[in-house]
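Worksheet: the structure to be examined is printed underneath.
A, B and C label the chains in the order they appear, each numbered from 1.
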Amino acid sequence: MPFSQRRAHSRLLPADPETRAVAADLYERVAGLPIISPHGHVPPRLLVDDSPFANAAELFVTHDHYVTRLLHAGGVALKTMGVGDPSADPREAWRALATNWHLFAGTASGYWLSEELSSFFGVEGELDADNADEIFDLIASRLDEPEFRPRALFRSFNLEVLATTDDPLSDLGAHRALRDADLGGRVIPTFRPDAYLDPEHASFAERVTALLGATGESSTFSGYLAALQRRREYFITHGAVSTDHGVLEPLTVDLDATTAETLFQAALAGTIGAEPARTFRAHMLFQMARMSVDDGLVMTVHAGVLRNHSTATFARFGPDAGHDIPVATTFTHGMRPLLERFGLEPNLHLVLFTVDESAFSRELAPLAGFYPSVYVGAPWWFLDAPDSIARFREATIETAGFYKSSGFIDDTRAFLSIPARHDTARRVDAGVLARLVREERISLSRAEQIADDLVGAIPRKVFKL
Amino acid sequence: MPFSQRRAHSRLLPADPETRAVAADLYERVAGLPIISPHGHVPPRLLVDDSPFANAAELFVTHDHYVTRLLHAGGVALKTMGVGDPSADPREAWRALATNWHLFAGTASGYWLSEELSSFFGVEGELDADNADEIFDLIASRLDEPEFRPRALFRSFNLEVLATTDDPLSDLGAHRALRDADLGGRVIPTFRPDAYLDPEHASFAERVTALLGATGESSTFSGYLAALQRRREYFITHGAVSTDHGVLEPLTVDLDATTAETLFQAALAGTIGAEPARTFRAHMLFQMARMSVDDGLVMTVHAGVLRNHSTATFARFGPDAGHDIPVATTFTHGMRPLLERFGLEPNLHLVLFTVDESAFSRELAPLAGFYPSVYVGAPWWFLDAPDSIARFREATIETAGFYKSSGFIDDTRAFLSIPARHDTARRVDAGVLARLVREERISLSRAEQIADDLVGAIPRKVFKL
Amino acid sequence: MPFSQRRAHSRLLPADPETRAVAADLYERVAGLPIISPHGHVPPRLLVDDSPFANAAELFVTHDHYVTRLLHAGGVALKTMGVGDPSADPREAWRALATNWHLFAGTASGYWLSEELSSFFGVEGELDADNADEIFDLIASRLDEPEFRPRALFRSFNLEVLATTDDPLSDLGAHRALRDADLGGRVIPTFRPDAYLDPEHASFAERVTALLGATGESSTFSGYLAALQRRREYFITHGAVSTDHGVLEPLTVDLDATTAETLFQAALAGTIGAEPARTFRAHMLFQMARMSVDDGLVMTVHAGVLRNHSTATFARFGPDAGHDIPVATTFTHGMRPLLERFGLEPNLHLVLFTVDESAFSRELAPLAGFYPSVYVGAPWWFLDAPDSIARFREATIETAGFYKSSGFIDDTRAFLSIPARHDTARRVDAGVLARLVREERISLSRAEQIADDLVGAIPRKVFKL
């Protein structure tokens, strides 16, 4: 339990000694509690295969686009880091990280990397050009040990639930294979149909055709809806509790059946224009809420990120290469059609995530502070960092309290970073709660209850776990 | 004076001991000063009738949409709380609050409720299912006492001025009745003509017709303007110092007389389209500024809230049921026509309120930092809470200082919450000032003067009291 | 070295004693380091002429639109302060400041003025009506002393580089005259072509005609581009390292040559419409990036300010009279065409400034966290104040670290305020770093390195100094 050894420290806790003492007690309560990870991007194959990690670069650099983007911003070529280039020398990728370690000072990634290097490999202090090779070798020597294989790590993380993110046509074989694995926790899939709902996605027609083929549904809008419903059911039988929707704008619209059919056929034929495509996407988000009311899957919406900002980089390195950039995002008007129709349904749980912080106090807290179905998503992506998490709490609790927030999600592809990320959130929340106690805004016993609930009862309720 | 007994506490003051000590001294100066409440929604009938409050639910739950919205968000039916249902059992409404007390932890409402329960009823600690009935009964037993009747409470609050919000056609009889009441302070009306200025308001034509009838003005645009002016004069003779405007977008436009006449006739006839209606509203906001230059009424604009987001809830429970949701709001372009024409007029006081925090440093502080007529409205509605008030100060003082802000407004329908709300603002402002002193950005004597002025000279000047 | 005497103080450092101690040590390292000022508005003539300042009003009031705007907001006429009226009595202008000193409490200007009065003139405490004349006379008596002449002040400021902002057709004679002056640092020009790139600027056609005439280029779009390139080269030979672009919206677009030619001719002829003019501006920002790739000039974009909000004030007092007001500003979509084409060019340095704080975490940090060419501009204009600087760091470092920020720029016309402004940034950054150290997010040695780099290596690298 490498993480548990470090719990006594005062990292990330408030500077004022009395507030820090309260925060430390609150943190101590929850530091060792199981991790619930209801949204993330760890490939389930990692746990099925249970192969050792290859080297420090594979573990910490190449596959973590938080890390590669900042090295790229500092002038390192993506191929040097092994992005899109399996022939790259991992030692060089690691050296790129070590020699540019200063770029990460103050970033969330820098903090997590330090935590992981310390917890898992006993590496304290900073990386630099001089120690890069030595640490690379040290890590290599440990990765062969049984305790560093993915399943052993999973057990040591004390993961109660780990949700993956999956294609609607996935056979979920990996999840079946893991059902009886001795992990100490569940690995569950998440239904993520973006590419099947967006007529402007490059492979929309191809995917929808495959979807209809796989489910035996007809090539009509109602067949399409039925096919999606079937795959949702399939996911449910494999343990899924939620669907996830990554959208540029959180827009919803109710269409009559005829219009929807017309748009669907144009989308399939590849003749749909930009504005009708936008309407179609908005209607499909609406339809997803309808299906959630029916089948009970929690609906999470991650809104406001423009994917693949640099076309040249996308062409060469594909998606998730670090240049997805947020845009100004509003929810009040766009989500209204959905909420008008389904917002009061007891069976709907709708978790709204933003990377535009201005929406927290302006829209998400007020929406979650009225609609029983709406929860404010935890600070996500660029915002799941210490100061950002504190700002999120401060921007939302005065309107919506703690109990209409989602609980922390790590959203990560970097398996080894899961404990550090959850630990960060627990520490920051302890600090926020401690301040409220010290300012006599809540009692200590209430703060203790909330600290517990934030990592237990709340995510379990929101995600129906 | 129940509140004055609790002043020594360190609630809401900064954690750092030295800063807290400065803040405590600053707070102590102002804790007992009279309350000026230049904008709020207490029904004046409450004070005319001076009837005892019926029970704890009526006092704390049913009529406070801050409270009902959050209980609703937590799954309690609005009718259980007595909203729109006078037959609801108040004890059940109270139990709903008590058993969901955890939802309010960290919220402004939770803090105020605790303050009120403690100050007025000696109830310390937290509500829960076990003590709900006992506390309900305890409150019931006190509400019959003379000191809990509205006028006695008014006196104990040390209210210098309480402004209500009134329909332009109100005869202001309640205010006349209160003119000579022994309250220790004034109750003054506020001219709130929204429904008379918005062609898309359901009863626009009906109201304007009544307005023209009541004033004997002709059914022309100039008759309409004259009628509004007459009612403003009527309000002035009854002590009004301001007009209030709740608008979705703070848009203004100057129209020529012919265009205005055309739009007005279409509005009256119910044939106006959405875009012309928007233009008409924008022109009427412009006209209100013109009238303020003439008659001296302070103009307050509360912008950026989409009312009645859930149509089903509105249909069943009417307005103010807790689902008014903010939208992204900008002022720089929209207020420009008004400010181009009237912004330099010495007689105009224009107080701009936002629930989009991003506008504070971006637009409101710069506007108030140039135009003599413009004041930054205090943090309002979702933002009149401890952390939000501090953020407001931090976002505005570096550009506009303290003296171009409006002073605190409580904006409340919940009569009993007035002292707690003003006390919160006084404590938070004391903390902000103390930090500036400790950081040697202002002197202690300057901070003392500002603390005094924020609750006295500033609101008196801004609202021409 | 008046400023160095005051370094021991704890001004602007965090309240918590242990954090303050760390911050004080970090500040002490950098307090005396040379000032790099890569963007500002000091007129170079000031240093060529080296004439004594006339009086306290000229020095502190009349020419500082931060000061005049807030006095104006408080009801003082601009002409009283000497704005646009050389016949105004400077003593009256000074008295206006002194008697309205309370307006400045908590503002950045108030803090800087206090610093300057104390450092340069030994004036402690606050200005008021009683001491106004005495202090005016005291300052007058000092201004004749040699150490208060501009060049002597320049030397005492320990300025390594001072960049001015210059018209593309300037002959830069002042810069030539200063090349061999004994200043202890360089004065370099900055290419600021706004009026030559905006068809809606009142003198666009006249200026472009002069530009073409001066360079002998033809009256075609390619001649226009060549003319701009030549003037950039001229600036480079006079030491310029950057171009500066003040735009309402940070919009870029790539046009084909024919379209650009058509728009250019319409612009020259004064027949261009509003939307084509917008497109033309956007294309010229794109062209400026192309030229920067070619000639290596750093490109700074100051976006999102609506100039001259009050037409009446502009008509009477001209530009820079204190009523430039920010608007909501987004970068992700608007800068994309430029970044698609040039964002990965190693020779491009693009520094993006905003006065809309919501863009820091949402767009600027993510853009700078991926594109090697992009740097987050320091908090600017309304935001170069203590709390705002701290918020900027907290909003950007978790995504982009410290090394993708620009280093502080003072952007000032108020020569005497340069040290106070840089000192403020150094103090606030020391506080931010100290907190990260105390929260164990970075090591002390790393914080020391960053503190040094923020005032040295970082601005030197970003601005290619």
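Going forward, a residue touches a chain if its C-beta (ideal position, glycine included) is under 8 Å from a C-beta of that chain, and two chains touch if they have at least 3 such contacts.
Keep in mind that what you see is a predicted model, and the values were worked out from it rather than measured.
Asks: As a multiple of 5 degrees, what angle does the CA superposition of subunit A onto its copy subunit C give?
Replies: To map subunit A onto subunit C, rotate by about 120 degrees.
Asks: Do subunit B and subunit C, two copies of one chain sequence, contact each other through the same residue numbers, with over half in common, or through different ones?
Replies: different
Asks: How many angstrom between the C-alpha centroids of subunit C and subunit B?
Replies: 39
Asks: For subunit B, which residues are shared contacts with two or more other chains?
Replies: 16, 328, 358
Asks: Name, in rising order, each residue of subunit C that touches subunit B in their complex.
Replies: By the definition above, subunit C touches subunit B via 9-13, 15-17, 69-70, 72-75, 102-108, 110-111, 125-126, 306, 309-313, 322-328, 355-358, 382-383, 385-388, 391.
Asks: Name, in rising order, each residue of subunit B that touches subunit C in their complex.
Replies: Touch list, subunit B to subunit C: 14, 16, 18-19, 328, 330, 332-333, 336, 339-340, 343-344, 346, 358, 361-363, 365-372, 374, 394-395, 397-404, 435-436, 438-443, 446, 449-450.
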